[in-house]
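Chains here go by letter, A, B and C, matching the order in which they are written, and residues are numbered from 1 within each.
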Amino acid sequence: MTAASVDTNRRERVTGTSFTRGLGAVTLVGIAWLVLFGLVVTPADVNQGESVRIMYAHVPGAWLAYLAFVVTAISSAMYLFRRTRSLVWDRIAGASAEIGVLFMGISLVTGSLWGRLTWGTFWTWDARLTTTAFLFITYVGYLAVRNLGGTHHQRARRSAVLALLAVLEIPLVHFSVELWNSLHQEASVVGNTDVTMDGLMLFTLFLGVIVFTLMYVWMLMHRQRSLTLQDMVDDIGLDVALAARRAEAGSS
Amino acid sequence: MNVSSTFRVARLIAAKDLRVEWRSRVVTNQVLPFAVLVMVLFAFALDSDAVLERVAPGLVWLATIFSVLFLVARTYAVETADGALDALRSAGVDPMGIFLGKTAALAAQLLVLEALLVSAAVILYRADPTPSGTVLLVTTALVATVGLASVGTLYGGLAAGVKGRETLLPLLLLPVVAPVLIGATRATESAFRTNGIAVSEGWPWLGLLAVFAAIFSVVGAVAFGSLIDE
Amino acid sequence: MSSDGSSTPSAAIEFVDVVALIGSFPALAGVTMRIERGEIVLLRGPNGAGKTTLLRLCAGLLPVERGTARVLELDLTIDRDSVRRRVGLIGHTNGSYPDLTVTENVRFWGRTIGATDDEVASAMARMKIDGRLADVPVSRLSAGQRRRTALASLIARRAQLWLLDEPHAGLDAEGRDELDAVLRAAAAAGATIVVASHELERAGSLATRQIEVVAGQTREVGGGT
């Protein structure tokens, strides 16, 4: 796909390939399957009733958010190593972080709703939830830094360092909140998202994780490609700007 | 760059930062009063001596963290006033040395700030540390300060050259320092014997603070160069 | 090695088709030039032509987007750090700490490369900022005096390549004469000096060569008078 063949005015399936189309189809089937099992087939919980069904979205959402940020961290590291330095890694890192923020938002909202339904509160300060909230803000900051401008490599280097620092924060924040909570007795009862599950519920949970992972991969591939196109537009812009700049000198 | 020249640069930069502060007195005249003012405002907001005494440790460290934002902004304003940071970069001065020097100077200023805030807590909130509590308090302040200064210098360097830096710095810095807030507050609670917590319960929190300080001082020293570069 | 009559003079700056960006704007759109050691070169051209960017690039402050760039025989695309240590840039800012005195500033910069207090003192003497001015905070100096402080810092740092952006700006006639004398002496002592300036008459008489910068590119002009 050359730059010249990209007509940004036409609506084209530019970032799709047969692989992503196939993946998308499989994902859709998976989502339908998950909805069916999660909402209809699996039984309600003994203690929590129907509200336990939120778990099928909340747990995979959280899992994917963390996966996304690990991918961001690894891609950032790959960019920073001289031998594998390439803007491809930077774009993967950025795309993954965007999706991670999205999934983290989903996880926080579903977790909050679940808490309201089950224990009557929208929020508890348990380690997992609090760390998730902190990570959310941290990665919003990461995305803000990505949009600061400059050349692509400047953006890549800044973001890469920041992503690795953010990954360091995860265990630190989690650990300190956990320690903090060990002082408060009620944390072990309220906000405890561990549910005794029968085989079918467990299966549906794994299904949810797999389906969400497929969704993540699909979104990552598309977003990474659209970021590539954006960078290419910038570069075309550079060639155009170079030509224009040189033409300024034309008269003399 | 060998180790001794890095430390030479660090000493040079730290001395320069402190000398600039000594001349301009911006921190003494503006940031320290701000910190005390925050403590007073907390009292207005919380409006209860009993509550204040209970939350005094948290308020001390909250005020500290808010003040860190100003201290970091100030230390980099000094560098960008006449393009000195650019000049340091263009002179090829060892970035690790710059990081260590600025962190040391920032830490020194922070320690003065914390001493002031603890005194304010004793006076305004009737905090009451014991002798053994004071040892814990001093150690906590030292370790927490290393962490805060390292993180502040690092993220301040990232925000120094960019647009929107005044709002970017808090967004980046505040989430990162959460572990310090938690650890330092708990340790200080023990030192102040708030809620009957024994002094001995405070020492484990120092472990958390020490890990934080170790990680960010090392990572900061290594990563600083690439963050201030173009 | 400086060119002292040996058969292969070494170039201070060698650029081939260099492109440099400010954000996404190509401030330099293909610069090709060669400057020998010991030269005093004047960069002239209209505002926005890229003179400042060119100087900053030579100082190692900007990344090279395209092309080959060598400064003091070091490759700018690989090793900006080594280039930086040997080069001094004085632009629209002076790189000083306004709250500190002249002596403290020059001594600070000298010490970054381990210069002794004697070297610092001699650098200050050469720029005539020792004596009365030495203990005045830089914030209280005139533009010309600040310029001289910056130059003294450059000397104290033993810079081999001097990059000066509008150095005559804000100086009175006497200040400009002094500056010219210093620059000639520095070039004679082996430094290479590149000056970007609008002051064609004065800088033209100072320079051994002139290069015109227009729209991000360069071309030779006739030599200095």
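Methods note: a residue touches a chain if its C-beta (ideal position, glycine included) is under 8 Å from a C-beta of that chain, and two chains touch if they have at least 3 such contacts.
None of these values were measured; they are calculated from a predicted model.
Peer 1: Starting from the Cα centroid of chain C, hunt down the chain whose centroid lies farthest away.
Peer 2: A
Peer 1: Measuring from CA centroids, which chain ends up nearest the centre of the complete protein set?
Peer 2: Centroid comparison flags B as closest.
Peer 1: Report the inter-centroid distance (CA atoms only) between chain A and chain C in whole Å.
Peer 2: 48
Peer 1: Just the number, please: Cα centre separation of chain A and chain B in whole Å.
Peer 2: 32
Peer 1: Where the CA atoms of chain B average out and where those of chain C average out, how many Å apart are those spots?
Peer 2: Each chain reduced to its C-alpha mean, chain B and chain C end up 38 Å apart.
Peer 1: Multi-chain contacts only, two chains or more: what residues does chain A have there?
Peer 2: 149-150, 154
Peer 1: I need the residues of chain B touching at least two other chains; which ones are they?
Peer 2: Only 230 qualify.
Peer 1: In chain C, which residues are in touch with two or more of the other chains?
Peer 2: 63
Peer 1: Inside the complex, what are the residues of chain A that reach chain B?
Peer 2: 80, 134, 137-138, 140-141, 144-145, 148-150, 154, 157-158, 161-162, 164-165, 168-169, 172-173, 175-177, 179-180, 183
Peer 1: Can you tell me which positions in chain B touch chain A when the two form their complex?
Peer 2: Residues 154, 158, 162-164, 168, 171-172, 175-176, 178-179, 182-183, 186, 204-205, 208, 211-212, 215-216, 219, 223, 226-227, 229-230 of chain B touch chain A in their complex.
Peer 1: Can you list the chain C residues touching chain B in their complex?
Peer 2: My answer: residues 56, 59-63, 81-89, 91-100, 104, 108-109, 111-112, 114, 137-138, 157.
Peer 1: State the interface residues of chain B toward chain C in the complex, per the touch definition above.
Peer 2: 5, 8-9, 12, 16, 19-20, 23-24, 78, 81-84, 86-93, 230
Peer 1: Contact residues on chain C for chain A in the complex?
Peer 2: 19, 21, 23-26, 29-30, 63, 65, 214-217
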